[in-house]
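Shared between the two complexes below is chain A, which pairs with chain B and chain C, respectively.
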Partner chain A sequence: MRKSKTFPVICLITTISIVLILAVLLNISGLTTYGVNELTGLAKLFVLNIPDPTKPWSSHAFEIVTAILWDQRGLDTYFETSVLFLAIVASVALLSYYGRRHVLEGTGDGYTTMIVKIVTKLVVPIIAVVSASIAIHGHLTPGGGFQGGSVFVVAPVLILLAYGSRFLSSRGFNELRLLAIRALSVTLIFVVGLVPVLYFLMHGTAYLFQNTYKPDSAFTYPYLIPTPIGEILTAGSIMIYNILEFFAVAAGFTLAILLLTREFERGEKK
Partner chain B sequence: MRKAVSIIIYGLLMAIVYLIYTGVFSLVEIILSIAIGLIIAYIFAGDIITDLSKLSLSRIYHAITYLIKYFTVIEARAHWSVIKIILSRNTNPKPAIVRVPFKANNPYTIVFIANSITNTPGTVVIDMDENKKAYYVHWLTPTSLTDDDAYRNISLEFEKHLTKVFE
Partner chain C sequence: MITLSEYFMTILITCMIVNLGLALYGVFFKPNLIKKIIALTILGDTANTFALIIGYRMWVAGVPSRPPVFTEWRSNNPLLLFVFTKTAVDPLPQALVLTAIVIGLAVTLFLVFLTLQAWKIYRSVDMRDIRRLKG
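Right, the complex of A and B next:
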């Protein structure tokens, strides 16, 4: 190999020129901007109405996507959650058939070193805390129940990979309890959506999955709760839905992954 | 009693993580963070805090000084040596996998030494043997292949500091 002092300089110049050429090309081709200066009609409707408390169709939530999911199309989201619930129930029915007969001692132990185990132990609580924050602030910042629940599921996945399924079961995450949490959460979501209907039967106009008051309906969930320590913005039922959905998704996915891991562990034993 | 104290300490730590992630420091949020932190700590604190009596200010002081030294002096030195290899025309630095013994007993010490080795450029822990008490380290620029030399060059400094924190 020929040694030379100019080689690093040549490398540097090449890198910088590639970056510059790419930047110029992207700008000329118009890939860096959308070239749209105005919102379309539907977007304008949502963006202007949902976060503005003075508008009659407001949801009193600052996170517009979550507000659309749980308020404007709440019933639709409920059915999505139910479809996921049915999928989990089906996989439980398929996978737990053998689980009841064989006592499983399968563990992932012996496959992971101490490094993986200890780091998992330290990271898992942090994941749980962050996922709780994502779910609780779903009506204020990007996030929500489904997102928070999905983030939470990373924690059980790490535990299953590092310690095996028996560890998770011994910490109280057993099949029956997870299924119960999942079923209870989905039921409670529907009950919260059903409360306006009860109001409709007794007092006056209200709609299924209604969140806050509407021009022709006085029914509203409390969207701004004054407390001695400050006001809590709950955005009506959106926060309740988010928290319940968090538990539903977290328990459901954990259950599915727990059962799948058991299947894999049994495969290893044979 | 001891369990309760460890739950409270770990719960407050988790509350701080929650607050930093959320980025809002109102009173409502602080109360919420402590509640969530305590719930998480109730589930996990028993696994994470193994011996509460070892907690002392001197250990925290050693941990902070080690972190500052690690992320400034040690990291900079390791980065510089790897930058020199990258920019030199010598494309064959002759790396090797060496056995590095360790004397620590506490799992946290062992894992933090391993992570310190991996996080400095040029050395990666690829496996470890808990019974023989040795890491197997991929070393980019080995100066010697014997256990003692590898120990002195790679992990002596980390072990010296981290035994004061965890052992």
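Right, the complex of A and C next:
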């Protein structure tokens, strides 16, 4: 970077001009005219078709956003999950460059006082229950597998900050197991998407990542399970995807944060 | 006369444009890699919020717009679905933003680990130092 005094001024002027041009463009293109009171055609198609069980392209789910993610564009979402998986694998590979034996052991004992430790003990079970609820009810209420998994990761972060990484590692949260859970969940998501293809090979027409029956295909996951008390609404494969994605995201982010905390603790010892 | 919701929307969009400027400044001109990553996350969140505003809709005659969750589908009443279409927000930008958030998280995670690697090799996360070391 240059030492001259005019450089920060040039930086500032450049940024401000970029932002002003963007603002003018946004206003011209009509993005800020938010008062449009009609849905677009595509949105109307989704809103009218997904929740209505009488329509041929229905997903039998309350929550339209999750239904779009896992039914209407399920293959897309699978690849998005794979991107996250690859990022975590690449990060682990970067860290283990300097030898495995450092990675496998934790050294820290926590950095906080008694107050934080006791509050962590109280809050962690509640966080786990809330995150599981968000994931399992993903097809009924706003939420889903990714959101539930992200909420769950708060619990390991609290434990790592209050008790240190050795506490988590000694209770079974070591990184090989976490990576195995992560890989298994992503594989199972793909297997659930692949079951219709097996049906196609044996019986008749079915589509990759198909959820419920379609006009030309009789294959369907059970979307309404009758019980003596009432009917359980599972929205086909969406609930299975949500639960698997919950485990995948929770294990993956716990692994990443565990490794970062260990690096932090190792740097502290030196 | 400007209504209250228009007033809040104007404040929101002004703040987001300022946010965009700050994030671009951070990504372009801050030498510290960690600060660059923080600015990048702010930039991504601002872009996502713009995408969400595209799918938002105004309140019609004081009736608030609903999230795209249709809870009356067992009643088999087409009129309810019609009313729902008149008040629900657009679900498609929300689905796309969810995907964008996941991808952004993956990119951020990888960048953090790359910065950690740079710190291990060069003992610095300052762009100027790293540039001087490798020529």
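In the analysis below, the second predicted complex is superposed on the first by the 223 of 270 C-alpha atoms of A that agree within 3 Å, B and C clash if a C-alpha of one lies under 4 Å from a C-alpha of the other, contacts with A are read in each partner's own complex, and residues count from 1 in each chain.
By our rule, a residue touches a chain if its C-beta (ideal position, glycine included) is under 8 Å from a C-beta of that chain, and two chains touch if they have at least 3 such contacts.
Computed from a predicted model, the values in this text were never measured in an experiment.
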According to the stated criteria, A:Val47 is in contact with first (chain B), second (chain C), both, or neither; which is it? second
Looking at the overlay, does A:Ile64 come into contact with chain B only (first), chain C only (second), both, or neither? second
Which partner does A:Thr113 reach: the first (chain B), the second (chain C), both, or neither? first
Touched partner set for A:Arg177, first chain B, second chain C, both or neither: neither
In this superposition, the partner of chain A with more touched residues, chain B or chain C, is C
Of the partners chain B and chain C, which touch A:His203 in the superposed model: first, second, both, neither? neither
Between chain B (first) and chain C (second), which, if any, makes contact with A:Ser91: first, second, both or neither? second
After the superposition on A, what does A:Val129 contact: first (chain B), second (chain C), both or neither? first
Output the chain A positions appearing in both contact lists, the one against chain B and the one against chain C. 1, 8, 11
Would you tell me which residues of chain C are touching chain A in their complex? 9, 13, 17-18, 20-21, 24-25, 28-29, 31, 50, 53-58, 60, 67-71, 73, 76, 78, 81, 84-85, 88, 90-92, 94-95, 98-99, 101-103, 105-107, 109-110, 112-114, 116-117, 120, 127-128
Chain A to chain C touching residues, read off their complex: 1, 8, 11-12, 14-16, 18-19, 22-23, 26, 31-32, 34-37, 39-40, 42-44, 46-48, 51-54, 62-65, 68-69, 73, 76-77, 80-81, 83-84, 86-88, 90-91, 94-95, 97-98, 141-142, 144, 146, 256, 260, 263
Listed in rising order, chain A residues that touch chain B in their complex are 1-4, 7-8, 11, 113-115, 118-119, 121-122, 124-126, 128-130, 132-133, 136-137, 171-172, 227, 229-230, 232
For the complex, give me every residue of chain B touching chain A. 10, 14, 17-18, 21-22, 26-28, 31-32, 36-37, 40-41, 43-44, 47-48, 87, 89-91, 107-108, 110-111, 114-115, 125, 127-128, 130
